[in-house]
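Sharing a structure below in structure tokens format, with a few things to ask.
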Amino acid sequence: MYQLGIVRRNIQRADRAAMDRLAQFGAATVHEAMGRVGLMKPYLRPIYAGAHVAGTAVTVLLHPGDNWMMHVAAEQIREGDVVVAAVTADCTDGFFGDLLATSFRAQGARALVIDAGVRDVRDLTAMGFPVWSKAISAKGTIKATLGSVNVPVVCAGAMVNPGDVIVADDDGVVVVPAALASQTADAAAAREANEAGKRARLAAGVLGLDMYQMRETLANAGLKYVD
Amino acid sequence: MYQLGIVRRNIQRADRAAMDRLAQFGAATVHEAMGRVGLMKPYLRPIYAGAHVAGTAVTVLLHPGDNWMMHVAAEQIREGDVVVAAVTADCTDGFFGDLLATSFRAQGARALVIDAGVRDVRDLTAMGFPVWSKAISAKGTIKATLGSVNVPVVCAGAMVNPGDVIVADDDGVVVVPAALASQTADAAAAREANEAGKRARLAAGVLGLDMYQMRETLANAGLKYVD
Amino acid sequence: MYQLGIVRRNIQRADRAAMDRLAQFGAATVHEAMGRVGLMKPYLRPIYAGAHVAGTAVTVLLHPGDNWMMHVAAEQIREGDVVVAAVTADCTDGFFGDLLATSFRAQGARALVIDAGVRDVRDLTAMGFPVWSKAISAKGTIKATLGSVNVPVVCAGAMVNPGDVIVADDDGVVVVPAALASQTADAAAAREANEAGKRARLAAGVLGLDMYQMRETLANAGLKYVD
Amino acid sequence: MYQLGIVRRNIQRADRAAMDRLAQFGAATVHEAMGRVGLMKPYLRPIYAGAHVAGTAVTVLLHPGDNWMMHVAAEQIREGDVVVAAVTADCTDGFFGDLLATSFRAQGARALVIDAGVRDVRDLTAMGFPVWSKAISAKGTIKATLGSVNVPVVCAGAMVNPGDVIVADDDGVVVVPAALASQTADAAAAREANEAGKRARLAAGVLGLDMYQMRETLANAGLKYVD
Amino acid sequence: MYQLGIVRRNIQRADRAAMDRLAQFGAATVHEAMGRVGLMKPYLRPIYAGAHVAGTAVTVLLHPGDNWMMHVAAEQIREGDVVVAAVTADCTDGFFGDLLATSFRAQGARALVIDAGVRDVRDLTAMGFPVWSKAISAKGTIKATLGSVNVPVVCAGAMVNPGDVIVADDDGVVVVPAALASQTADAAAAREANEAGKRARLAAGVLGLDMYQMRETLANAGLKYVD
Amino acid sequence: MYQLGIVRRNIQRADRAAMDRLAQFGAATVHEAMGRVGLMKPYLRPIYAGAHVAGTAVTVLLHPGDNWMMHVAAEQIREGDVVVAAVTADCTDGFFGDLLATSFRAQGARALVIDAGVRDVRDLTAMGFPVWSKAISAKGTIKATLGSVNVPVVCAGAMVNPGDVIVADDDGVVVVPAALASQTADAAAAREANEAGKRARLAAGVLGLDMYQMRETLANAGLKYVD
């Protein structure tokens, strides 16, 4: 699975048009459109509320307390990428701050998703550089051990291949395999298409029990009403 | 304790006047007025800061990853209710989003308290529909197994009976049994009555040691001052 | 280490000029300037974003669920202090609220750092009284058991002596021993001096790989580029 | 829900014969026989492997760091009881050790279930006094604040009324309301009756897919086999 | 990554001879031989001490609280397999007990690795059927939703492909990709070859500082000895 | 507090006679004799049950994922020492295994207390080398960054100075400052002296309520008995 000491330069990024379409949907919608899979664990939280991004994954594999490979990753970023950083063991250190954010943005990155900690969050917020992380920590890191860039990684419980589409918002982070980007965008669009109508009916007081025709199934399952 | 597959329709809600009086106090004051009991665990957090609600509990018992009974609960909501959702085992999935919030609000609900996850938090925040939850997660749920509505439940470590008063703010969520609502409101009012005076004295530099006359008790307990 | 039932009145506070210089730097910079030590664990979080304080530590040792010594500590606060509260066992109760904050501020305190919970966070935010805590909880405390004031304590994994400088911001809380305050301020200033230049170069697209001259070291360590 | 400062002396214990029948089944079987409810959270663990007890609940409500009411509870124990101790806030202190175990056993207790910590676990193991707890901790407690004995409590997420049947083994702790003890024992017996036959068939290589006739349902749900 | 509703029947299992060689080494040695990757998170613990197994992975993807696919997986087990069970969201329910263990063993399974809970641990221990799990819980599951069998899964933070070699002991669980099994066994053998000699020297009082010739490197790094 | 890159060779170990007396008492008794302070957090657990040691602390300060200083520490061990290892940030990696245990024992160490992970636990158990750790993990470490040996450290929430007495058993780990070793041994002895008598009376059915004469205090505090 993991390969250490490797930087893959030429990765196959997901189709840009499909990614742009996915960018219109929230993480929950995309995750449902995938068949309720592909979600990173909910301990990943945005460092500030309201960010919503989609981008293609550049992956980084780090060791605990060592952010050396973040600099190596910077060179592989292309416009529209989201850097996805995994660590070989649990760690909350601050691997990323305002200098790296400045560099990542200059290379074209839209966001960072990291299964560890970040720092300088006030600066990152002021810059509007969104980060989803496991922790916020001032703890610095060293540069001593090789990891890898653009290898498959497991980040917050989800498998990420370089080039996959990442969709992230206040609800979390979802991974769409590059090969499924277009069909997932279709499914997400179909899902949202009739939500407006449902919302209006529910707002008007129609019950989900009736709108979704659940009463009979519930009765068959044995639901009893008592007074 | 728990009964599965049951919906109780006629519940005895706490006295409305007592609930309205409780609505004037924060969760900390009400919890103290109860004798320092009735508080849900502090891992329940509001999805946005600044919400403060009081309402009567409509309870829902869910299974992990299954939000079917939320729709059943919607029909039992009356104006002024707060839905309290418990789960039979730990789960962080997103059981609730903007569609259910639209429905709950249309039925008269003031808030949701859930010992699990929610999603669409940006929409919920924009709607001003307050939620206290254990997690935020885009993870969707299924509709396969019966739970119950309006049975006694344990939510975040606190026992809740249908009709109890729920008071929630940035400090947490407290449960006031319906039968104790009026006397708890009295006790809360008494507690707050002299806080303004205390605050003014403390702001003027009077020490709590003197204002609460603690010096003698501390000395008797053996406190030693050293230089 | 710990002494119970003791209040030390005369403590040696860090040099004021050094503290004022440290106040210009964030927790991450100060922690790096210390040699990457002295940081409290990242589970301590500010109750609202954007606060940044430096002050001299007045320490309090509490027992779980008992905030008696907070009142004793209030009398020992001098202008420019930060109260650092440790507990003899893990506890999330709300040891501190708006009345104590009013008192602490009247005595000159700039902030509270507490390895436990606080409440009245809406009021504390409105007051602009910053707190770094492990939890937010409405749970009240009693006044029954002696702890100590101005003894060495362990707070969130860091050793704090009375008079040490505390620097806290959105990234966390760092402790600078009083004797090291001046030299740490020097080191922090040196560290920040060339950051502006680096930031400009990174923003212009220069890679850290080149700016920090990492390519040769990485190659020597065995890094391989593949296509 | 909770009442403080109360000791109820006359409680209605579950029928002894029903309890004795429940004692023959493991916690998993009893929990299934209840309809998959009534289970305490799995963070409660036995202090040593292999214990299996059933008994009637004497409940204790404690405050964090204060075990005063354990002594009050001792007087209410009758032969065949299991003491169930809840705490008003999370706490891992060691509320119980070999002296209390000696006293509880002398009064007829079969075990302790506590949503907190215990100590002297080597002695308790040597005595063969089983305990299910959240933690093991040498941390001592004080005797300063009233709780209650034989009131309804929430222990590890489960509601317990005095007199309910507690069944505990290596798999966890389940609560059977006194009124349901007999029917739950019937259901547990029915459940176990055909397990031996199933086990033999599975051991002989019959697949659950065939024994439980799942193949058609799975195919209808859309399961696909690929090579 | 994930595919739902799929059972892959023909998987490429790792070379049997390589697996048998890997079976001679502990998880720590194999993990080091892999270059310090491939380890599952340490929250996975064996249900009893002393088990040590190696086998080829049959993977199962489950939903929270639903063990339906475990029965589907049983049919895909061949002699020498270890079942690796992942869940689409965090869950501690007891997905596996003595009946399934009986069935899995009858089909040839050597162990279960599950990122969730198990029950009947006393029986499993008596049977000598080893399990590495996240929790022990009596909580039962339902059979309602399709997952998959023999698709790539993420289990406790590690990527597992069907047919990979799993090595597990008291130190944890490591995954060796099938294609790397032979070379990893070579590396593990080389690593252990000189351990006996080192152990003897260390036991005789030789210091690692001298045996590994660390003194000069440490001095160059700046280590200072003070009296 | 912390100093990096330092090895202090001459430390003042606690009086050997006092340490030997402390060795007769459990961690709970010693912790009570200290005034209920000095205890490490209960997440530290022994890797096997039944170990009970006392020794003088040799301290090590490590960085996450880096065990270099363990080898430096080995040289500073004298017969009767217990190595106490702290880490600058949370980490569960396996810093210690059977080779280091062989070396530590050869130098005279009685045990290891580590606020991180260990591995080779089966071998350590077979050797009878006791370890109290936060985790068990096969994850290996590197040797890249300087920490320190025999500086004051914070381990699992407790301050430890080189030469302090460490007492550890199944209930946890307690630190006795060297200067307090003798008086703590006296207090522990006094505490245990009358425990045998109490145990006998409790075993004979005398209630703690009577033996400790609690009835009047409880009544004064307001305890009510109801039927």
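Letters A, B, C, D, E and F name the chains as they come in the text, with residue numbers starting at 1 for each one.
The definition used in the following text is that a contact is a pair of C-beta atoms (placed from the backbone, for glycine too) under 8 Å apart; a residue touches a chain by one contact, two chains touch by 3 or more.
Predicted, not measured: the structure shown is a model, and the values here were computed from it.
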item	value
Given subunit A and subunit E, the chains that contact each of them	B, F
Steps needed, at fewest, to go from subunit A to subunit F via touching chains	1
Chain pair equivalent in interface to A-E, over half of contacts matched, among A-F, C-F or B-E	C-F
Chain pair with more C-beta contacts, A-B versus C-F	A-B
Distance between chain centroids, defined by C-alpha means - subunit B, subunit D (Å)	27
Cα-centroid distance, subunit C relative to subunit D, in whole angstrom	42
Centroid spacing, where centroids are CA-atom means, of subunit E and subunit F in whole angstrom	31
Per-residue multi-chain contacts in subunit E, two or more chains	36, 39, 88-90, 92, 137, 139, 145
Chain-to-chain touches, reported pairwise for every pair that qualifies	A-B, A-C, A-E, A-F, B-C, B-D, B-E, C-D, C-F, D-E, D-F, E-F
Residues of subunit A that touch subunit E when the two form their complex	1-2, 4, 35-39, 41, 88-90, 152, 154, 157-159, 161, 175, 177
Residues of subunit E that touch subunit B when the two form their complex	63-66, 88-93, 137, 139, 142, 144-145
Parts of subunit F lying in touch with subunit D, wherever the complex brings them together	26-28, 31-32, 36, 39, 42, 45, 49-50, 52, 169-172, 174, 195, 198-199, 202-205, 207-209, 212, 214, 218, 221-227
Residues of subunit B that touch subunit A when the two form their complex	5-10, 48, 68, 70-72, 74-75, 92, 94, 97-100, 102-103, 105-107, 117, 119-122, 125, 135-140, 143, 145-146
